[in-house]
Amino acid sequence: MITYLEAIREAQRQALENDPRVYIYGQDVGAFGGAFKATKSLAQSFPGRVLDSPISEDAMVGSAIGAALQGMRPIVEMQFADFSTVGFNQIVNQAATMFWRTGLPCPITVRLPSGGTPGSGPFHSQNLEALYAHYPGLILMTPATVEDAYAMLLEAVAIDDPVIFCEHKYLYYHLKADSLPKEALPAGKARVARAGRDATVVTYSAMVHESLAAADELATEGWEIEVIDLRTIKPLDTDTVLASVARTGRVLAVGEAWPWGGVTAEILARVAAEGFNLLDAPPMRLNSKDTPVPYHPNLWGTHRPTARSIADSLRVLLRS
Amino acid sequence: MITYLEAIREAQRQALENDPRVYIYGQDVGAFGGAFKATKSLAQSFPGRVLDSPISEDAMVGSAIGAALQGMRPIVEMQFADFSTVGFNQIVNQAATMFWRTGLPCPITVRLPSGGTPGSGPFHSQNLEALYAHYPGLILMTPATVEDAYAMLLEAVAIDDPVIFCEHKYLYYHLKADSLPKEALPAGKARVARAGRDATVVTYSAMVHESLAAADELATEGWEIEVIDLRTIKPLDTDTVLASVARTGRVLAVGEAWPWGGVTAEILARVAAEGFNLLDAPPMRLNSKDTPVPYHPNLWGTHRPTARSIADSLRVLLRS
Amino acid sequence: MHDMFRLAEAHRPSCTAVEFPETYRRAYRWMLLARVAEEKIASLFRGGRIIGGVFLGRGQEAISVATGMALRDGDIFAPLIRDQAGRLAFGESLLDFTLTYLGARSGPMRGRDGNVHRGRPKEGLLPMISHLGAMVSVVNGMLMAHRFQKKENTVGAACLGEGATSTGAFHESLNQAAVEKLPLILVITNNQYAYSTPNHRQFACNDLVDKAIGYGVKGHSVDGTDLSACLETIGGAVCAARDGEGPQLIIASNLRLAGHGEHDDAHYISQHFKELQLGRDCLDVAQNHMLAQKWADASMLDIWLRDSQSLVEEAVAHSLREPAPDPAKEDWCALASRHLLEGNPPQPTHLN
Amino acid sequence: MHDMFRLAEAHRPSCTAVEFPETYRRAYRWMLLARVAEEKIASLFRGGRIIGGVFLGRGQEAISVATGMALRDGDIFAPLIRDQAGRLAFGESLLDFTLTYLGARSGPMRGRDGNVHRGRPKEGLLPMISHLGAMVSVVNGMLMAHRFQKKENTVGAACLGEGATSTGAFHESLNQAAVEKLPLILVITNNQYAYSTPNHRQFACNDLVDKAIGYGVKGHSVDGTDLSACLETIGGAVCAARDGEGPQLIIASNLRLAGHGEHDDAHYISQHFKELQLGRDCLDVAQNHMLAQKWADASMLDIWLRDSQSLVEEAVAHSLREPAPDPAKEDWCALASRHLLEGNPPQPTHLN
């Protein structure tokens, strides 16, 4: 059995082993193995290639960009996705614009430990994929499975563009698989996580599992819900989403991030614009509430979508 | 005649005059009057209340937050919206969360000279409203008229929450009005900039004028296009949008920002979810291209939506 | 609230010499209370009763308490994760600590934020956001406001670890304070590690106090394990700031005598440091000092310990009885301007 | 390209003494070429032929050229807005300058970016983004890559104005370079103003070079109006960095002898400064020095001027003939991985 977190570690080990251009840089990622142990033992196995950084997110990303321009393949670990706001400028203005401005690729991977867990509060729980996806020049990965955590991280390192890798902290220990994959869907390709015919849930990251649980619940009521795991939110696989909506006629987009804008807005906009005639009912969306992420589990459990609130939304959707 | 830029200056003068809690802080805003002269002569008229800051966007915003907590009403000028990325963290994590966390309001106004002008290039042209709107706790103003530039900036200073005031640089000198208003629509209320019956364009800021020009063009072809100026994009006046779509049955959302996510996605998502049955055709959106904003006017003129490309989109919409 | 620990304003150190032994005893008792309180929370954490992280100030009480005690009403305090002692000395109720750690609805953060992220900004106590360095410019702004408002002779103190000196926010805000000549006291506790990261991976200067000259601010170094030194140095720096001498940068050296958080066994902390003077437990040092100076005897220490314990037990017991937040009753509104919540009817704007 | 200005590698200063007068003459000619080229662009700007901003290095040529000349193949250079002289000395073609300012499709930025935002990162010349301070850590990363790749004895230079020292990016990146002991040369040109902002609103230290000690890096001060001093100081600092002595912080003092950009009349620049030594025009100083030393005579200076003028006229004439970018032919793709553009069929991923 291997966890989602271990898969991330193994992907990094693989990348370091296969490619001398790869190095890892971040706070406490060296001997200590990272705040979440995502780089545990890697500094020991790859001396000099897993480097502790000062608490300098801007310089962390900036230096990774420079190294990438000189032919390296850096992986930057943010200690929490939330702290990437202070490295934001280098990501969106330096890394993301480099290829378009100069023709020189900027292959960096920025790992963002993302998403809510009970008790983490406003500054250790954020989902920032929509911020980065808004900017041209970035690839946004949001793996929902152990297999994808592994395969997509390897792919992220191989991709010539800057990749923002949103790994979900709630899945770190909760999610287990038997083994690591040998092949995987590529970036830009969504996955039908569960087939159904009555409605489609389009989602990603930890919300895939809440949605699957909601689908289970609705199955007991006789409904067959299809669940699409987007895998990458930029590029976004509109074809797979539309093909599903063509089968079901109904769509609910679910995201853990805040409600204004973001992935669910983008999904609804695309479905409405490109699949209007496939719809038998108004499309719906479900996000977290429009407040900071609360600390207390009671509040947190209500703030973000859950299997139960997704099931409730689906019941509304199915009735409409 | 008063320009959009002068309206912004007058609003700041008013605010300084009416309210001893107001002060202005930003690079070169003092004796020099700001890079765009938006604060020209204010330092002279209000000694000690219009302060030059070091080139420290993070500290500029952080200090404004502190002053606001102590009862002041700071206005922070970013030299260009693009540079707010390095003050981003203080805005989204400190200012935006303050009231929800502590119950104490954080009334700061951050002025972002936004949007493209010919020759400004990738780092002096950005439209960042969607970034900020994604976060809970912020108000996003995007005035499209001289009157609104004035009235909304005064309102921004009066509002108890942090307001991100996206003033469009292209409108600074291009837009003129006869006089300043005595009353205005409040934040959260959109405006029907032009009435029509065949299709609705939902837009904001500089794109209001491109859309109005497109509507003029289509009028010569016999179409009556309604143009909605959102004015604030958070809160977003869904009611006015839906009322218009109810009249026209067709909607095109136009934004100058990048295509992934953003205001146009939010508009389409809301219209599709809440006004599905009002639609006679798939809703459409038009944004800039998904690259950094190009320097050369030839490229820039194609990168962003224009009256012509909006008219083209409308023709498609009207035929569908 | 805790009357026996409520000190009259007049007893706080003024801009004259520190009044030993009284001040010292008071400081010690805050340190002790902080230590006892944090140990209680740590044991609740081990018992699975605390949700989220637990971050202790073990070994940092001396520098923290000195900071809290040097401040007075109207001043600003922006503590960080290891400032339980300073918070208490500044006037934070012990209940704010226990209610927040236990996630009670009635705590100052109402369950919306937890553990060290608490404060009462109206009372000058800032609730930290996590992003290191971010609170310093907020203190600057509060001090700028005081200047506008002609609120005189106030100061603001912000605490950071040495790791946080690597942030852009630290730099921008210290420079800002220097340019504005603000009465900012920036206390850097150099406990040799930032989480697991040793100083040689964090900075390359010989001594962090050497940074002061590059900002044009006054620098002070102090042994963070020595309460007397901390009281004098911070006291002096606060007086200087109050007297208009501008920002004061204080570097206190010590060792973190705990994990980064209670989940961390701190195995990476070098034995070498533990044997140095900076590896001492400031609480032991203070206790020995008082005994040596005959400012207290063993029975007195014992009474103080038991007083602390009963205060903590009481606060915890009270807090455990307090209800958790109820999501159904929660006001899910991030805006102070309710009329701008979507769905609420907007009001017309009148301009004057 | 410009053969008469193409200097053999061997002639660049090595880590030994600067070879006067040859080096000095070469430096002067780059400075002159930069000045002439910029004046030409300024006159095109006044004639409405330039779209967007025009930013001149007038008065900064000495420090800039010294930086560009001290570097050699394999080194990294991150110039800023006032580094036309340094760019030319580093090897940037004059055509890159004119093509970019004139927005030609054939320029290095292809009309996508303009004016000072140009570079050829493959050749070690970084194209600045506007956010001040942001290029320094990029240089750090390139130097880290060199270390990984065992590319030895390279250095990287980054230029900033004194205003940019207030950015968090400046701080984080200089500290990073110090921790990694990178051969970074960080050249701060203190021209007394950041746009209109005078130094007393920007920082409060007595001398910016005092910052060096707080980072644990070597600090150097130099009169930015004196070419000899610039060549020696920068030359020495580059040698030190190349020899493994870690980051070097150079503070050059001068005055900006132009507006912030050509739209700005710089009325705010105090007359006081113009009368000081730092207010001198470094080009005049260099010219007088050469005449006094008899390293050149008036006719030689005249020939050099005319050579520069004809080079510039030729480059401008050529650039004006070059086509502007055509939006219809533009490749609107911000991704290097074309297969990840939406609409393109994704490829299966094989993992090994």
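Should a chain be cited, it is by its letter among A, B, C and D, assigned in written order, with residues numbered from 1 in that chain.
By definition in this document, a contact is a pair of C-beta atoms (placed from the backbone, for glycine too) under 8 Å apart; a residue touches a chain by one contact, two chains touch by 3 or more.
Just so we're clear, the structure is a prediction, and the values are computed from it rather than from any experiment.
Fewest steps needed to get from chain A to chain B, stepping only to touching chains, is 1.
Chain centres computed from CA atoms place C at the largest separation from chain D.
With centres defined as mean CA coordinates, chain C is found 40 Å away from chain B. Put simply, the C-alpha centre of chain A and that of chain C have 36 angstrom between them.
Rounded to whole angstrom units, the spacing between the C-alpha centres of chain C and chain D is 45. Shared interface positions of chain C, i.e. residues touching 2 or more other chains, are given as 109, 112-113, 117, 129, 131, 166-169, 172, 175, 179, 201-203, 333-334. Across the assembly, chain A contributes 53-54, 56, 58, 82, 85-86, 89, 93, 96-97, 100-101, 122-123, 136-137, 236, 289-292 as residues in contact with two or more other chains.
If each chain is drawn as a node and touching chains are joined, the picture has every node linked to every other. Touching chain B in their complex are the following residues of chain C: 76, 108-109, 112-113, 117, 119-122, 127, 129, 131, 134-146, 148-149, 168-169, 172-173, 175-176, 179, 333-337, 339-342, 346-352. Of all the residues in chain C, the ones that touch chain A in their complex are 51-53, 103, 109, 111-115, 117, 129-132, 163-164, 166-169, 194-197, 201-203, 268, 324-328, 330, 332-334. Only residues 27-28, 30-32, 35, 52-56, 58, 80, 82-83, 85-86, 118-124, 289-292, 294-299, 301-303 of chain B touch chain D when the two sit together in their complex. Of all the residues in chain A, the ones that touch chain D in their complex are 14, 18, 23, 49, 53-54, 56-72, 74, 86, 89-90, 93-94, 96-102, 104-107, 136-137, 139, 150-151, 154-155, 159-161, 181-189, 235-238. For chain A in complex with chain B, the residues that touch the partner chain are 58, 82, 85-86, 88-89, 92-93, 96-97, 100-101, 122-123, 130-131, 133-137, 234, 236, 257-258, 260-269, 271-274, 276-277, 279, 281-285, 289-292.
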